[in-house]
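Both of the next two complexes hold subunit A, though its partner changes from subunit B to subunit C.
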Partner chain A sequence: MLLLRLAMRNVRRNVHRTVLTAGTVLFGTALLTVALAWLTGVFGTLTNTMASFGGHARVMTTAFAAREELMPLSEHLQHADDLAAAAMKLPGVRAAYPRIVTGVTLTKGDEIGDQFGLAVGAPIGWYTDQLHLGKDIVLGTMFTGADGETVLGRTVAEAIHAQVGDTIIALGMTQDGAMAPVKAKVVGIASGGNQLVDNGIFLPLEPLRWMADVDDGATELLIYGDDKTQGKTLAAELRADPAFSNDVVQAWDEQPSTAGIVAMIGVVNSIISSIIVFVCALGVWNTMMMSVMERTREIGVMRAMGLTRPGTVVLFVVEGLFIAAIGGAVGVALGCIPAYALQVYGVNLGDKMAHSAGVPVQSHVYALLTVGVVTEAFLLGLCTALVGTAFPAWRAASIQPVDAMRSR
Partner chain B sequence: MNRRFVLALLVASSIPVVAGLPQIAVAGEVAVPTADQLLSYVDKNMTFATRTATIKMTVVSPQRTRTFVMQTFGRGETESAIEYLDPARDKGTKMLRRGDEMWMWLPSVESVQKISGHMLRQGMMGSDLSYEDMMGAAQLRDKYTAKVTGAETKNGVLCWRVEMIAKDATVAYPKRISWIDQKTHIPISQELYAVSGMLLKVWDMSDIRTYDGGRQFPAKMVIIDKLKQGTSTTIEMTSITFGVALEEETFSQRWLERH
Partner chain C sequence: MVAACQLESVRKTYGDGAGVVNALDGVSLVIQPREFTVLAGPSGSGKTTLLNLIGCLDQPSAGSVLVDGQNTSGMTSRQLAALRADRIGFVFQSFNLVPVLTAAENVEMALHLSGKKWGDVRDRARAMLASVGLDGMHTRYPNQLSGGQQQRVAIARALVKEPALVIADEPTANLDSHTGEEVLALVRRLNEEKGATFVCSTHDAMVMSRARRVVTLRDGHIVSDEERA
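On to the complex of A and B.
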């Protein structure tokens, strides 16, 4: 209690220094609040898109998984509809969709063009309930359920000069490698601001099954729970089910295409947070170090009067934490203002940047301000104080009373 | 001395004459033909002015076996046409090749698609044969420089082993090694290589039959694409007629769209 009172007194004793220290923490926490909200928003959207597109969990054959980058249609799941029905019986599974993704050449005329793309064949329910393609339609409509319909991503449609109402031919391959065409009428053009939608050639499942010549097969089975956090649980349930014992089951963040991105997100978050904490800690260290040097004689007297080394450390750390708590609280509050603005208005990166990112980043990105973000920013502000006061506190504790009292 | 001088002069003067003769040597008791002669024999058998054939093509892959029946028409080296008769999925599909250009009539989408470039070298109907393999009938002698490297027994048949190097980099198979039947002059086995030296395909021919004019032609071919795993394609000539009169329309886009 005495140490706490001493710490409070020190806080009030040099207001300029206290304000300077608090200002450093304030700046740091404000910056952390904005940065963390931004990263949460951007990466959250990215991972949500990946989990929506790739399923919270996914089933495929072992042979397909081994050569997935080649998308070998011959290694498809047979009787995928039966597998979907089996998956729906598992607790936690809310939806299961067989899907085919395969490379095609898209043309509007007679000559096979240079426009290659990935054709996606899935039940209409997947497009409406999981991909939410309806909200991305910028021209025309979603699938109406009639035969021979397609929705094209805006980039693809522009590349072949296709408009709503045009008939296109997607020339792909059967599972044996024979050319197989699908003719479809463009009913809608979609722009989701990311490559997955803008480069997409979306078709109902049956035409692509015919193209691939796989009867009731599919290259993958996508499984969805309530949200993407259930991915690993769903994957574990599927692995334990005999119906899937010969197949490969992956949670969304275990899939090769997403696992690397998820790991990268963690690294980027840590690096950015660490840099901000470190820079702000330097400021705190500077002012606290000044405090120790100014109070050398006083510390010596207190040490001579019985203040222990740990007590000296606690004295400075508590002083630092107190200042950081005030600075952090104000910093978080101030940081919430631009973070909220970014959450509401976002930033338009432009289609070019979004499409060249290599991952399904949205062209218009938004921050996401959550209680977790605010708490994390505040706690990291306190960390700033802890890191910044650690060395000065140790230095103060190392002062010998005799030397301190001798100094001027 | 004069006699010796005259004899030496005769021997010396005969050397250029012998050297100028075609390279006919003797291997055992059979005279080795020149590579050029062999290729001209092969071309005489394998190329044609016109031809129609009904072909059964069986494509074996690790997953399944598919059988196609097709009617083919050929005229010269660069014009050919194919119509698929079976299975139902592919019935009515037509292909037309004229020179370096190829078109396909795809009944499922009722559309003619032009195919060019690298697609000509893709497996036709997922088989081990490319469109170019199936629809081309070029003279080997025009495309390759060859040399006879010996006599070998291949698939139980006494053959000449001939190595061929393409004269032109645009040829699909820059190197070929052929085993040419010494009697029928049919390349009963061929190894087709990429420019890197990688073996791309092995093409065996058997059931050699004699047609009008003494032409020898294989009624069965087995092709294995070495870049694929566990696949093979067998072609059986159900019927074949050479020198048949073909309508001009057969090699036109009108024929493609006629159904």
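On to the complex of A and C.
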């Protein structure tokens, strides 16, 4: 206890140095708070979009999964409606939707279409409850439930100069490879600020089933729980259910298109945090080294009296942590101000950047300030002190009493 | 009776090759419990080196050093630290109190580092401070004490854990003659009342005049060893 008291008293010993050290940690944690809130917001929106679009968990046939990039309609799930009903009986499953995604060329009026796109056929409930397409409608309306309706993404609509009320023809293929058209009237144009919505050609499920000639089939079955964190649990339940024993089940973050992005998010988070921690640790290292050099004789005396090497390390690490706790708390509090502003107002990256990102990034992105962000920033601030104090503490522990006695 | 400290044919060299320096060369010395021994001699005679070896702050190049019956040769730095913490008290020329701790806390520190259970360390530290004439000054920080008072705290810190040996390196060198005499009188009193064994290095004739035994060194050798009344 006396060592802890000594460490805390040492904090007050040289106010300038303590302020300098605490200021370094303060700067670091404030920066971390803003950076982590920003990354949490951007990546959170990104992964939410991916999980909404691709399902918290997804079921498809083994053959379809093996060649998914080719979207082979012939390898569709048969009796997809029955499978959806079976999935709904599992605990935690809130919704299940059969869906078909297939490539089509678009034609407006009598012109021969040269606009290629991915047509999505899904129950209206999926569009309203999972994709939340209604909030993205910028012209016209959502599906009304009438036959022959489509909602086009803004980019697609602009490419074929389609307007609300126009009739378009989506020319795709049946599962046997024969050409098959679907005619639909544009009831709405959507702009979600990301590629998934803006490049979409959205149709109810039945017209695409008719076009693909798959009866009650679907290329995939999308399963939703309360939120995306349940993806792996839902996937495990589905794998254990005999109804899906011959199929491939993937949680949202296990899907090939998202797994890489999720891994990248972790790497980006780690790199940014590590850089900030390392740079700030250099500042802490500098001031703590000065502290050790100033106190060489005193440390030597204490070592002569029996202070062990681990005890010496503890003395300096506790001192560093105490300073970091103060600097970190203030830093987090200060960092919350710009982070909150970014959460409220966000930053508009522009459509061009959002559409060229290669992932469904929103054009207007917001930070997300959570308890987790604040805690992580604070803990990383303490890490800064640990990293920055490690070498000075080791240096202090290496001081030989007899050498320290000779120093003046 | 086990000697408080026993050195046999101790040699301590620094450097190597042509630059080798024999700080101590074949020194043998026995210090019995309750003795008050002064190491005297000019600068460079080997006093501090000898004090460092007796205090287990350093190890000899050859020969053996026994402290309270324990041979320090071959001890690890951890074992030496434990021996110092438990059996040896230090008093330094510049007092070397921890400036951010009060007088009582400085004394308590020695008890904490000794690794023994002492019961109420606070009461023990205050009682020790009272015995060196600092009753009521336990809450003062070193910068609120005079040089003599600081040295008294240092003596209390050295004695509080009841060591086998107290090493004092020029304990009066940073004090005026009057304060130096007071501190020396205190050391003598504690030596007699508490039976503490003191080994001091000094240039101070006044300290030598108060010692029961004066060991004089020159060029790393003991040139005289006088018992005094």
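Quick note on the criterion: the second predicted complex is superposed on the first by the 406 of 408 C-alpha atoms of A that agree within 3 Å, B and C clash if a C-alpha of one lies under 4 Å from a C-alpha of the other, contacts with A are read in each partner's own complex, and residues count from 1 in each chain.
We take it that a residue touches a chain if its C-beta (ideal position, glycine included) is under 8 Å from a C-beta of that chain, and two chains touch if they have at least 3 such contacts.
None of the values given here were measured: they were computed from a predicted structure.
Chemist: When the two structures are laid over each other on subunit A, do subunit B and subunit C clash or fit?
Modeler: Superposition result for subunit B and subunit C: fit.
Chemist: Please indicate which partner A:Gln175 is in contact with in the superposed arrangement: first for subunit B, second for subunit C, both, or neither.
Modeler: first
Chemist: For A:Ala263, is the partner it touches subunit B (first), subunit C (second), both, or none of the two (neither)?
Modeler: Neither partner.
Chemist: Once the shared chain is lined up, is A:Leu3 touching subunit B (first), subunit C (second), both, or neither of them?
Modeler: Touch status of A:Leu3: second partner only.
Chemist: Could you look at A:Met293 and tell me whether it touches subunit B, subunit C, both or neither (first, second, both, neither)?
Modeler: A:Met293 contacts neither subunit B nor subunit C.
Chemist: Who does A:Gly306 touch here: subunit B (first), subunit C (second), both, or neither?
Modeler: After superposition on chain A, A:Gly306 lies in contact with subunit C alone.
Chemist: Which partner does A:Val138 reach: the first (subunit B), the second (subunit C), both, or neither?
Modeler: Neither partner.
Chemist: Between the centres of subunit B and subunit C, viewed from subunit A's Cα centre, what angle do you get? Round it to the nearest 10 degrees, please.
Modeler: Given the fit on chain A C-alpha atoms, the answer is 140 degrees.
Chemist: Quick one: smallest Cα-Cα gap between subunit B and subunit C in the superposed arrangement, Å?
Modeler: The answer for the closest subunit B-subunit C C-alpha pair is 77 Å.
Chemist: Find the residues of subunit A that appear in the contact set with subunit B and again in the contact set with subunit C.
Modeler: The overlap between the subunit B and subunit C interfaces on subunit A is empty, containing no residue.
Chemist: Quick check: in the complex, which residue numbers of subunit B touch subunit A?
Modeler: 59, 61-64, 66, 89-90, 104, 106, 108-116, 119, 122-127
Chemist: How about subunit C: which of its residues touch subunit A in the complex?
Modeler: Touching subunit A from subunit C are residues 52, 55, 57-58, 77-78, 81-82, 84-86, 90, 92, 96, 98-101, 105, 108-110, 112-115, 157, 169.
Chemist: So in the complex, the part of subunit A that touches subunit C is made up of which residues?
Modeler: Of all residues in subunit A, those touching subunit C are 2-3, 5-6, 9-10, 12-13, 297-298, 301-309, 311, 401-402, 405.
Chemist: Report the residues of subunit A in contact with subunit B in the complex, numbered from low to high.
Modeler: 74, 107, 110-112, 169, 171, 173-183, 210, 213
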